[in-house]
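Going by the order they are written in, the chains are A, B, C, D, E, F, G and H; count residues from 1 in each one.
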């Protein structure tokens, strides 16, 4: 068993990065996630593991530093919060287009615009459908505890390398700022260029060796036929992700008549809502998507044939509800899918959720 | 002596550097990019650092630079080459990383990235092709376009009130403490091309010696964008650009000593 | 057992670290805990607060709207948080700087002269430990042994020499708790 | 003093007929061909081959690296 | 009748801007839309109408110039293509958050990353679900002819002012680069500050007058309750748009058994596909959404009760298909919704579309 | 004389400017932002341009500047205030537009925007609060943080190799042809505050006179970020920042004459 | 009637404006037209081409993969576009610089010595008008009157004095069209 | 020579007790109060009122514009 600590979610991201053998972090301060870089700077991993930590001049620069370092085969990451992630949209699209692995952490705050620094889940669409231009997808992991903030750093990198695709941890100010018990991962050594090459192939720009053609990292393709075949290759990858990487958790869904669907912070709330509802005699369960992309369509489609309704609980104006509807619709059932949410940095209370459930699904 | 007797392997004095690939460059006839590509290839060959060198090609006419020099390359988003190079260089301390950027890329959209990379003193080389225009997108005004110069977005000539002043970014860069070597060159005559090659070589040598950022501006032509033939474009450059962008080294040494930059107590 | 606490005062009063030591103590005795601070620029020269939850079971929301206990260390926090104590809950405050003392009748109200006691102990920085002691007297939700371990875990190595002093302050706080209103 | 003679080989298919080599040659050796290559360019060629001194100036300014230079002392 | 001209779509955007009384354009060159600014610079509208045209240092600067000028109550716009629009993500989110009217033109090219300069529709998600962070929506107009490039400039501004919300013309390289016949609009005078105030209220920062409180343009709100109420106000606006602003066109849908759904360039193709299919005896119709947001849900829901299937035809990997499914699903029918598309800058041919229709819907 | 007799309306010599609103500023005790806000309010009052002036407040501690001065305001995205001001100023030629920016905002993320607005010579005023730190986000390193200075992201002091050099952006700005007036001030003593007020007044007068960009840096404290009390923060500033950021005018006149920037033929 | 044409050659040959004049002529006689150029950096020193469609009915795609007529002005374009002519369609080319002349038997092939004729006319810039004339001879899809109007509309005012010269060139082209293969 | 006397009024609720006015006063008029205001700040007050010359220095450096200054020649 790893080391047990009481830490902030943001701090854990930093600690997990060092421990999983991350080669570099490039970031820019923004509330509520500045502790990620601050913790790294305080930990001085350059002395310990050789990890580089650089405060960039902006989020635009950060994501392009990530692009460069990732292109050279290194395990690198950045973190920011909503407005900063928007500034990375072009860079993220480039990274996806050039098929580079990397990890991006979005500790969401309320928008649009400067909005509020309080927690939010309003970047669901941006993360899952593509904030940047062009057809691409991120692998999106949504932790709902500080422990998962630890676990998903390593997982994120694993998936990023497996698919040569950027992965995102989509969390929010509540989980980033909160301290909880966490069992830290054991140290993994940083991978050498040779190990990366052996495991993932020799695509990286780490200096042209005599035994290979020179490598080019680019997302440009002027020949439409070739560009289309690139696009098709990306889509194949996404399909494979949809088959192999879906992750979710179910609570008390076996006998449930109503299913709450929620991720991250709001999923924590909903766990309590399930208890409250069950105490009232309502058969309620919770499905928590862990991967927001690929989205757990199948379990929802299956539940759709058995239950009386779904309620998505989101800290936004209703975004994931579309994916739940699309998934539930796959079963050709006509089970209602409703949404309840709070915005502006407000986290719903467990009681509110039960009330909404009663109003929108049971009494309706 | 008969030509056939001259053209013999043992008499060879100049040939295409091996580091240049066989691909025909996509540049317009007479474009300076081709010359500078060759100079860069020659320098990498000279220093024997093919296995160590990583190039960063920008968005601009030279986006396809990666097709022409036989080294590892990364294409960068418009203006972000210095950030990309920083990323590569920081996690690959043993490598030589250079960017190759146009004036729109470096001095307009990428102003923040170039200033901060140079100010941090990233151990990289920057080759800056200043042709006073956006070649790639069809000849629009660049930050370095002169007042009165006609471009696609200044069809009556660049106008101060509407379009602002041309920007001498290299003069600013030379003042950043992180730079070791900042020079302005051209490559339009045999003599200047040879001098330019020396400058590029010094820049790469600095990177090997970890001296800080080395920055080589090459005042260039874009005959297509300027709507001149290549020979006249060179003349136009000499007459109009050289007075405003004078040739020469602006800094040659190492990045600044840190003393003056410290808090006192 | 679940105890939901808000600790609120000025930035410099050690509010966040008091919460952290408390939370760490919970961890030391194998409980679930969350610690959630106010964050961002509203802290500038203003108040700071932290919600701490200690529970035997999994905790859902770290962000709360009402509390079992409120530990209140300035007037602004009193104005804001007195009303958030659950009926039957506990409000502990330091009267220093409090112009309008708490007036609710449906909660247990305690007082601790933290500022004074810390000064008497010769180290005003132990203020928050005095208050913590008082709280533990009112609600002994964690064992002293856990507190000691919590201190060890949450203070950086170089400050470990201060642990005895902190324990002393905690004890002083425990001794000097005054009941204002007990229901 | 030994005399130096030179010659150049132009890759006529790669040449884009920009004319920069023509202007750069100190000996007026080069000219642009009336003929075009398959890409429509009036490629460069040795109009006055005997004047060439193998100085490489033409090659040094050629943007498309089309010129190979030979030189021999006689 | 207005003046008849043969012009490129991009040129028409510029001409229409001048004629509709636009106060300012701020942009940065990018293929395939640079002709917008080039045409403006050539037309020198500063002499004619007083319109300002400024080449900015980047797309980030352009959109923030638009934010500033729009905040002062002026009718201003920008244009770009996919990567440039990604760079505007933060700025667009700010404009939506500060509730400012403006017009953004995206002449799409293929992505992700630098991709290709050829036409594409791969920014559908980015435009309709929000490329930037936070819950906001753009009013998205999708012209399918050069004539509509003219018409939607004025319409875009009208809607933008009506809702104090950014509007986008989402088009692509095909329509931007193509010349067609166009009947130009007549000149409208630029609005004075007083006219704007009278018509739309006095929210603009045009100098604090003695008779009003000072105005602040901001998207920041630190009080979560207030921020939430801002968010709710935005959602109300979007609901009103969904009720009042849906625009679409139907071709031969009356007796159709199969419906093609396509916008912009691909809708033009599909018109021919309808003819081809009808010639084969297949009863096919076309629904062309003109507003991509608000999306024409109702007509699709209605058709869903009558037809045998929908095929969306997109120049992307299948994005609008989700909205069609959601809309068709509203009818609780289980009519199949399929997708056919090309990527990488390739425009589907009318024949391909018919083939896809036969394979995916008729033979399936 | 009794105090009551002194405190009479007719003896009033200094009071809060009317243009400051009644809201309590959210700044930490002793923060320079408050002083500069007042100076700006006084100048707008002096010049009687309340109806003409539009302020642009940045992301940074002064994001709420719009709560305190009774004029129209626009909040701007982080670093983009100069672009926002350009947008406003270009379509409102009769207005006086100013930005009020921090060092993170102006010299880091917003480098491109400030350089280009100044280089174009936008007719705006820039007030630049250089407190060598990111106050708003909790005291991280800024571009102007000195080597050795402790911040949240340089807990052992800014280190050259890891964090680069501090950036003297004002020195660069002063060289841009579009600037009319570039000065560095402080506002920590009665004398410097009065001088600073004069500088701000000149800057606004320049905007009225359409002279180009006027840029006033105010070397400032962030006692919270520096973890000092306000009085000690002033001392630290004098001892550490003043040698590196020396006071005084760097340029005072008009934007450059265009002649030297023209093409020759 | 729908005529789908590709015009392809070097950048400097006036390919785009030839297409524009043709399209404008269609407009002048109330037809639907589209004009779609190759664009972007592939133009750098290389080929340029434009697809023009003139039709009596609404036009769907401006981008085509096969054509009724191809007007081909250099070898690279010949290599690329000869195969795109619909069987029975028309291929018109200028033999100057063409190393491999077209060889298809299922299409009508015509030739025009545009370069030479334009030089003979004393203005090499009229090259594209000569070719346009030849095309109109082979396929008189627009009236000469429309062409005149089209020229007026597509040339900027300051170039209107050149219209007679252009019309002369068009006429020369019409006269000098040579049939190579007629099916 | 006429003597000048002054007095200041500190808005004690607005004062944040930063102490900048105390240091700025050439006459050592001001001091920080032992008492705190309702926001917990040791607000500034005239410790030596008779020394005040109404020079406004205190007001000029106050970040929170809490000081109003009066002056009279006697």
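By definition in this document, a residue touches a chain if its C-beta (ideal position, glycine included) is under 8 Å from a C-beta of that chain, and two chains touch if they have at least 3 such contacts.
What you are looking at is a predicted structure, and each value in this text was computed from that prediction instead of being measured.
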Most distant chain from chain E, judged by the mean position of its C-alpha atoms: H
Chain pair showing more contacts of the two, A-F and F-H: F-H
Inter-centroid spacing, chain G versus chain E (mean Cα positions, whole Å): 35
CA centroid of chain A to CA centroid of chain D, Å: 60
Geometric centre distance via CA averages, chain E-chain B, whole Å: 39
Approximate Å spacing (C-alpha centroids) for the pair chain B, chain D: 26
Interface hub residues of chain C, defined as touching at least two other chains: 40-42, 45
Contacts with two or more other chains, residues of chain A listed in rising order: 31, 54, 57-58, 60, 83, 90, 94, 98, 113-114, 117-118, 218-220, 222
For chain F, residues that touch 2 or more chains besides their own: 27-29, 63, 75, 77, 108-109, 111-112, 116, 136, 143, 163
Complex contact set, residues of chain E against chain F: 23-24, 26, 52, 54, 56-58, 60-62, 64-72, 74, 76, 90-91, 94, 98, 205-210, 214-220
Chain B-touching residues of chain F, taken from the complex the two chains share: 108-112, 115-116, 119-121, 143, 146-149, 157, 160, 163-167, 171-172, 175-178, 239-240, 243-244, 256, 258, 260-265
Residues of chain F defined as touching chain A within the complex: 59, 63, 75, 77-79, 104, 108-109, 111, 134, 136-138, 140-141, 143, 152-156, 162-163
Parts of chain A lying in touch with chain E, wherever the complex brings them together: 60, 82-83, 85-87, 89-90, 93-98, 108, 110-118, 120, 122-123, 125-126, 129-136, 218-222, 224-232, 234-235, 316-317, 319, 322, 325-326, 329, 332, 334, 342-346
Interfacial residue positions of chain F with respect to chain E in the complex: 50-54, 56, 63, 66, 70-77, 80, 83-88, 90-92, 95, 112-113, 116
